[in-house]
């Protein structure tokens, strides 16, 4: 579904991505793992058209590089950005409404609301509340729900567990698993290696702007040494 | 100078060589004008320049001043900026001018004036009416326009005649004109038995007059008349807000509002009385002048700035003729002795005994139906005129 | 008592004009990161349009609509021609661009129209005052007040209930993320400018009606005040900008109404002093958010 080859991103003189290639197949949950500063967010930014990039990105045969983010969203790929980035001054409902801004069809939008509220009942309870007043976990749910409102085929998640309490992390990973089960294709960026690989089909390890390791979730889970070496985790 | 003129001059010079040498060295009178041809002064200085040019051409057509000194009129743009005015004045002084016209605003006039003063070049301010200007710059500076204290006196006399006994005065301490003229009015009005109930002030950066208008509307008792020397853009804002708040007290203004803006304000300006330099009554010399101006420059502009430019040149010419010399001190002394000189504005102009502030008639007009309607032209009683 | 009420009305009318201008500035700033120094020139364009349409004997209401339309179109053009090319440039570059646009427009007005104030005569049905109880309130002031209130209410409704308004608020908060919602950046910019142009146009109408004349530099002063209002209200906050405008209007009127006459020359200094005091107590402005989290 998504195929990325030779992706490069640079910030001035700093080369943040040095030719990243990866594939995400239809219905797959693929994890992109890496330590701080590895270039994970840059990769997603390049995919979404948020930063200038070199190489090639194809979504179902359609070339994406050089397109504006708003266009890419309309093509069916949506990003849940790092740090949630919900609109704190807007209500939960308004956040969701913006997420569904690309939906032209009123009936489809209504369906989308129903689906999202079924998935995130807490959001329906708080629909009139300002997003800024939600807890971190709720905000993360809102960020995901908002992304779903556009009815994506491929969902990009950037560190959804960042800064959340362990219990909340459980909830979030549970949700991601359910989304995958419902047939959504997902590219999950995470530093929480174990939890990610538990639910992922495959994974890539990104270090210093390069993919250093790729394999099925099982393979990567087993290579504990690699994990320690590259992700600097103490298990 | 064009090539043709240069050749002609050379030919004249050649024929002159054989004959009387002195006549061949015919001297030119150089009169400089540091003019704001661009920027906020452009409207005023542009009219002054055109009016002055008309005088220059008229004099040169008759062979120059006293038939022997043709005028070269040198105009340089000071971009309505005081600092640039000093630079331009320096250039003019370096060009050996014999007399200078200063820009239409007090501050640049002072900046330019100080340089000419140091070089002993007589100067004329055609627009500034601040009577303290000649004193500030020095003995070579002359004011031409109806001085603030003259206008204030005539306005005060008019107020008394109308039976106005109490007044509200609006002034701005930010410029000499908007500060001094109302203060002269207060002096003259109170000296002759009137009472100023309140003095309001406004800032240069102010275009909202609602607080002042509210204060006036709630004065108890109401003043008989409101006097101000505010001009654009403050006067239109003040009068608009005043009338639109339902305050119908008569308003007196001064020559700063002698402009098309005032006449275009519509009903709010109706009935405003203001003082100015001269009124172009039908058949008057001033009207003829404005018509000539229109013929030459394509616009009928009945505002005294052009006439002032014309008068400035004519006064210099008269002084030079009287002095019989092009020496600065001689011209200055002759100017200072001028009495009852007939100005094109329809008044006689006197410098003798006036400390270089022209003594002249003041005209009063009333705005009616978007037109100026002549009320009177009077010479103020010198006894009533406040000292500058 | 009457004086107090009348001055309250004065403060609301003056503050309302500042508020409209400040809101336009804040909108563009929060969406584009651009401090639009040429905002005042939009106001001037609207005022000139009014002047010429009255001169050319258009019906008055049409002249009003024309003036507003002119300001909106000018704002959209300004964005398209001058600001879009430097959209991704640094804040300093954008600031300089807007400074250049402002200077170019002022010179253009001076050379193509007139360097002098041109009188704008309001039709007589707008002149004079109406009696409300023992109070005499200027017709124009009353209209300005009513229109400002109606416009602000309309904007509240637009910002709260329309897709366009919600997107504007979102973009003011976080522009990139708004694009991730599939909302077109160009539409946001154009929308922000069109709205700021409309607000400048309405402010221009009130300003000219109170001022009686139009000149090339007339936009400078009120927009300077609006900048102050934006800062006091909290840079980036739309509600703050409106509140800042009203606060500034109230301070100015109060000082002019209450200061003894020998202190009057210091009113501008005093009003800035009060503003600085507000900022000392609340450095982030009345409604400013402390910038937090990732950005």
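We call the chains A, B and C, going by the order they appear; numbering starts again at 1 in every chain.
Following the convention adopted for this analysis, a residue touches a chain if its C-beta (ideal position, glycine included) is under 8 Å from a C-beta of that chain, and two chains touch if they have at least 3 such contacts.
Bear in mind that the values here come from a model prediction, so they are computed numbers and not experimental data.
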Shared interface partners, meaning chains that touch chain A and chain B: C
Between A-C and B-C, the pair joined by more C-beta contacts: B-C
Computed distance of Cα centres, chain B from chain A, in Å: 76
CA centroid of chain A to CA centroid of chain C, Å: 41
Where chain C touches two or more other chains at once, by residue number: none
Of chain B, residues touching chain C in the complex: 38-40, 42-43, 173, 199-201, 203, 205, 207-208, 210-212, 214-215, 217-218, 232-233, 236-237, 239-241, 243-246, 259-268
Residues of chain C defined as touching chain A within the complex: 163, 166-167, 169-170, 173-174, 176-185, 293-294
Interface residues, chain C side, partner chain B - complex: 2-3, 6-7, 10, 13-14, 114-122, 124, 126-129, 136-141, 207, 209-213, 215, 218, 221-222, 252-253, 256-257, 261, 264-265, 267-268
Chain C partner contacts - residues on chain A that touch it in the complex: 48, 50, 68-70, 73-74, 78-79, 81-83, 85, 87-90, 94, 97-99, 101-102, 146-147, 150
